[in-house]
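Take a look at these structures.
One chain, chain A, links the two complexes that follow: it is found with chain B in the first and with chain C in the second.
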Partner chain A sequence: MNEKSRPFALALLLLAGLAACASPAHAAFVVQITRGQDTAIPIAIVPFAAPPGASPFDVAGLVAQDLDGSGRFKSMDRRDMIDLPHSGAEISFDDWRRLNDDYIVVGGMTMPAPDRYDIAFELYNVLTRQRLLGYQIHTDTAGLRLAGHQIADKVFQSILGIRGAFATRVAYVLVLGHVPHRTFQLVVADADGANPHVVMQSSQPLMSPAWSPDGKELAYVSFEDKLPSIYVQVLKTGARRVVSATAGVNQAPAWSPDGRKLAVTLSNRAGNLDIYILDLATHALTRVTHNPGIDTEPQWSNDGKSLYFTSDRDGGPQIFQVPLAPGSRPRRLTFQGSYNARPRLSPDGSQLALVTRVHGKFRIATFDLQHHGGLRVLTHGRFDESPSYAPNGAEIIYATHAAGRGVLALVSTDGRVQQTLISPQGDVEEPVWGPFGSE
Partner chain B sequence: MKRLTAMTLLLSGAMLLAACHGKSAVKEPASSASEVPTNAAAGGAGTTMTPLGGGNSGSLQAIAQAGNDAPLDQRTIYFDFDRSEIKPQYDAVIAAYAKMLTANPGLKIRLEGNTDDRGSREYNIGLGERRAQAVRRALMLQGVADAQITTVSYGAERPAVEGDNAAAWAMNRRVDMVYQP
Partner chain C sequence: MAGFLRENSRPAFLSIALHGLIVVALLFATDFSLHRANLGEQPVPIDATVVDSRVVRAAIDERNNAARSAAQARLAAAAQAAARQQQLQAQQQQLAQQERLAQQQLQAQHQQLARQQAAAAEHAQAIADARVAREASTRAAAAAARTALARHAAEAHAQRRAAAATAKRAAEAKALAAARARAAMQTDLQRQVAAEEHADEVARGPLADEYRAALQNRIIQAWIKPPAAHPGIDCLVQVSQVPGGEVTSARVTQCNGDSAVRQSIQNAVYRASPLPTPPDPSLFHRTLILEFKPNE
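Right after this comes the complex of A and B.
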């Protein structure tokens, strides 16, 4: 049990006006694919039919952009299309086969009522002429972008057998200005960087955003009182509350799989960091680690019965696992290299992504939990940090530096596809990919 | 280098003044990226302490104006990479702060631990806290009361200078000693 607390700890603060300054932050990211897959699948996404007066939003263009951005597809340039079919009956398969497309997506929009859209789309295998998908989506003008991401998700899953994660969101910290006059923004955006919204802004550091399992809330650390406190904020309303403001360190919140608890890092008066579990309903604290070293960066196992964490109890930082049953002792997992930190569990629970140091350079690696093999280093930067898995496990988003600025980057879990996401301004830090259904 | 040292000290004095007026914002002197942290103690000047009358701002102003190269004007202690031991060159600085704080029990100080921005952010919070605690222990060993000291770790979140180079990293691995209003 934790004995100390600042008097306003656990106070319910409804600062909706301050926190919910949900304003568009900046234009979307520019995606640079730095390392593509040789075997990108050729696909034609034919522009969708649209009735007069329809929104000019290019749904098919967004589908192509999503699929290209994954590095696993190469969509056909529209200028090379000799025909613009909108349904399976209109496709001349022999022509598309000669153009070397393996797959083709066709579709069209109708407007059954003002500001209402029905989007019908189909996916065909050009070689076999087999229809792989046929769906209709009902939406409004504001939902056209989401519809495009959903179509890309369906196509991705149908062809690759992996659930698409285009219709999800990411949270990150954007730092504007220069030392010592900097502004910190907590931003939530679509997974492709579009629709960025500032959900919190402060002149003091914000860090360690963490999505609740249902995607409705963010936990994060704010230094707005000059000292660190952990907040939980409801994204829809902007309402937020302090959940941990003990004397000393309040850091590294991590949601339990059931969303009822946070694992957090607290310190005692002597500055020793240990990991605790905070029950969000009762505010009860349960201490998990008891060690004079730095114990931090907790991450729950999928069954909720153990925590992965970083500890330097053996010297440099390494990854440990501790069962939550009383009396359990932590077990060290990583032994390769002198610096392994910030473990993040893959959605299927089979591996950890972490930050490792290789010849003085900080890079993202994965660690296989089932075979306890070595580390697999996926990235090639000098300042790679803060890995976070896409909810389908296919990609890891992380922060790095490019030309002296903090930027986001993506690497496929197999290491074959790499991208950098250049934001128009500021330093982007600590990306965290939201769960499925967080749109 | 010499000019930078002088400017650092002047700015430090100004910051001490600012701190006395209740502004706790930490401002580091602008630095050319090729410079490493300067250390007032390296100037070799002895302590030129002015008697304090209860720690009000007037007395602190007197201190700030009395000697620009006094250890009290050095408000930052720098650390080696991944280390939290206080280097011997800061002994005079620690001693001067301890002397002033023990002589003025009403004075409070906040120790802000910081790291360079490489590696894991949350682990860096731990490292910054460890550095702040090293300074706290050193002050308490020389008689400063626990109640006069608070610590906070900003990890890599509040760099003194920006830049992806060794000089910037050296300026950021530090504990800032900030007077509390």
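Right after this comes the complex of A and C.
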């Protein structure tokens, strides 16, 4: 190349460079995606390697059951698995991708000592081959179920960005027998209904259990002295105390976010029900509502500065909100339908779950607090009642009737997944989901 | 003697043969004379007269004696003659031998001379030949030298020419390559401009909408929206694809969502692979930008 042509070539190179630099921006083909699917995420939970001879508990099976139960995952049938890897190194990603799994959980259990188990597990994204989780859990035989729930929690959180609530517990009232020989039990069970423990039993009605924010205590109404009283019971020790036994109705206790107060429904001498706040340390009562109608079923806002409650002051039961500042007036929230009751606040404070009546049937619905977007009915039963959010807000537990009995049921907050939990016997009433840490 | 025989094998053989021939001839000559004598003495049966046997006998004996004597004489004469003949022959033989020897000697001398002459001639020839050969060799050498020189020269020339040709070709090739590169650059630019013009045209046309819709549908089907992907989420993902639509990478470049949202978006792109192919090749881009902006 001679000296003359060099500037020309340089100019060309410059031009080409400019063109190369300019083309990506120019060529950028932008496609906007405004929708997605609400389908379950396909995941493979490979059976864990078990110590020789001992197969105490199918931990991986429980993980799959939990994730499937959430409705957000669809675990692969083990019979369809062509390989059973126990560690990341053993995973043939292409195979699992061909089997349409987006994620895979592998793990193994060893027994370092009698009744001691070390569970190691890993979570991988099959599509990107990324290792998302790797944990070890040390436990004993009795703790294997909990370990399974904890693994499900980790997987749930890693993939969905929401803390899993499988390792939490629920409380409910179980009614056995028939009038006049009925037995009332206060039961605490794992969130999947397994492992139930009776924490209180009475021949007289038990009602309205409520978890303390730290998950260590339950408040409930007991008629054991023929008249309703509000008790608080420490779960670990079983120790309990009466916190409210005013004359008349003592009803619907609700813990303040800081756990120092209870909102309760009390009746005056005329039998009118209003909402009060009971200071647990001082036993001081503060009246919140002053209305001749029934005001009940209080629920604290997350900031502890207002209460949601049910009132029939406008006729039928509707949801109201009242700030706790003195002189504040309640504001009605629900206007859709003639019956909306029992509000429960979602953990993120964005919505309420409630019981609504649709064509004479009682169903669980959510009410959007932020956009006042109205009610969204989630369930399809006849007597669905007593909704309670899972602490992660992903699901709502409620009581419904199946085959003539009251049973526990779950619905995902988006209404996509519903399931009925195993209930051994009797009628289940008023389930309430415990907070994180209630295990 | 043996040496002599070897040297004069032909004369010796002739001599022996001649002697043999003479002996045979002599034998036959004797025999013939005997037969002739017998045939000549046969009595004639006509005119026979009886005579006294003794007289006859005596006569016969006499005659027989006479005949015998004559025969003996003839034999002696013959023997004499044969001896003479033999002697003569021997003399002749000797003479012949001598002559032969002389001739042989002469011949030998001639041969010697001839040999000498031949040798001389040969020598001369050899010298001549040698000279010729020398000369030829010299000439050949000279010729070879000349040839070699010529060849070397030719080769050197050829090499120089080849080198020159190679250099020329290289220079030409270089020039051509440079020209081609320039032309290619220009062509590329032109082509790029043309392609971009075409792409612009297509990109604004209904085919682009069709392609965009196909991509949207595929990815909407593949995106399992996590709960956190609520309205307000806005995420850009840079997708690399190969012709055929297989996704080779999906990188979330900008996103106000959490890790679950990012992961769901990344997975959606991989799950959608292979992506739909465009209805017009100009719409194919190795890099696509997908904007995830849920509105529900």
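Throughout what follows, the second predicted complex is superposed on the first by the 397 of 439 C-alpha atoms of A that agree within 3 Å, B and C clash if a C-alpha of one lies under 4 Å from a C-alpha of the other, contacts with A are read in each partner's own complex, and residues count from 1 in each chain.
To be clear about the criterion, contacts are C-beta pairs under 8 Å (C-beta built on N, C-alpha and C of every residue); 3 or more make two chains touch, one makes a residue touch a chain.
Quick caveat: nothing in here was measured; it's all calculated off a predicted structure.
Q: After lining up the shared chain so the two structures overlap, which partner does A:Ala281 touch, if you call chain B first and chain C second: first, second, both or neither?
A: neither
Q: For A:Leu160 in the superposed arrangement: first (chain B), second (chain C), both or neither?
A: The second partner, chain C, only.
Q: Touch test for A:Phe383: chain B only (first), chain C only (second), both, or neither?
A: Once the two structures are laid over each other on A, A:Phe383 reaches chain B alone.
Q: For A:Leu273, is the partner it touches chain B (first), chain C (second), both, or none of the two (neither)?
A: first
Q: Mind working out whether A:Ala325 is in touch with chain B, chain C, both or neither, as first, second, both or neither?
A: neither
Q: Taking the superposition as given, does A:Ala113 touch the first partner, chain B, the second, chain C, both, or neither?
A: Once the two structures are laid over each other on A, A:Ala113 reaches no partner at all.
Q: In the overlay, answer first, second, both or neither for which of chain B and chain C A:Ala89 touches.
A: So A:Ala89 meets neither chain B nor chain C here.
Q: Shared contact residues on chain A for chain B and chain C?
A: Looking at chain A, the two contact sets are disjoint.
Q: Help me check something: in the complex, which residues belonging to chain A touch chain B?
A: 178-180, 205, 207-208, 223, 226-228, 248-249, 251-252, 265, 267, 269-271, 273, 294, 296-297, 310, 312, 316-317, 339, 341-342, 355, 357, 362, 382-383, 385-386, 401, 404, 429-430
Q: Applying the document's contact rule, which stretches of chain A touch chain C when the two form their complex?
A: On the chain A side, the touching residues are 1, 5, 8-9, 12-13, 15-16, 19, 23-24, 26-41, 72, 102, 125, 127-128, 158-162, 394, 413-414.
Q: Okay, in this complex, where on chain B does chain A touch?
A: 24-28, 82, 117-123, 125-127, 129-130, 132-133, 136, 146, 151-155, 157-164
Q: State the interface residues of chain C toward chain A in the complex, per the touch definition above.
A: For this pair, the touching residues of chain C are 174, 178, 182, 185-186, 188-189, 192, 196, 199, 203, 212, 215-216, 219-229, 258-261, 263-264, 266-268, 270-271, 283, 285, 287-296.
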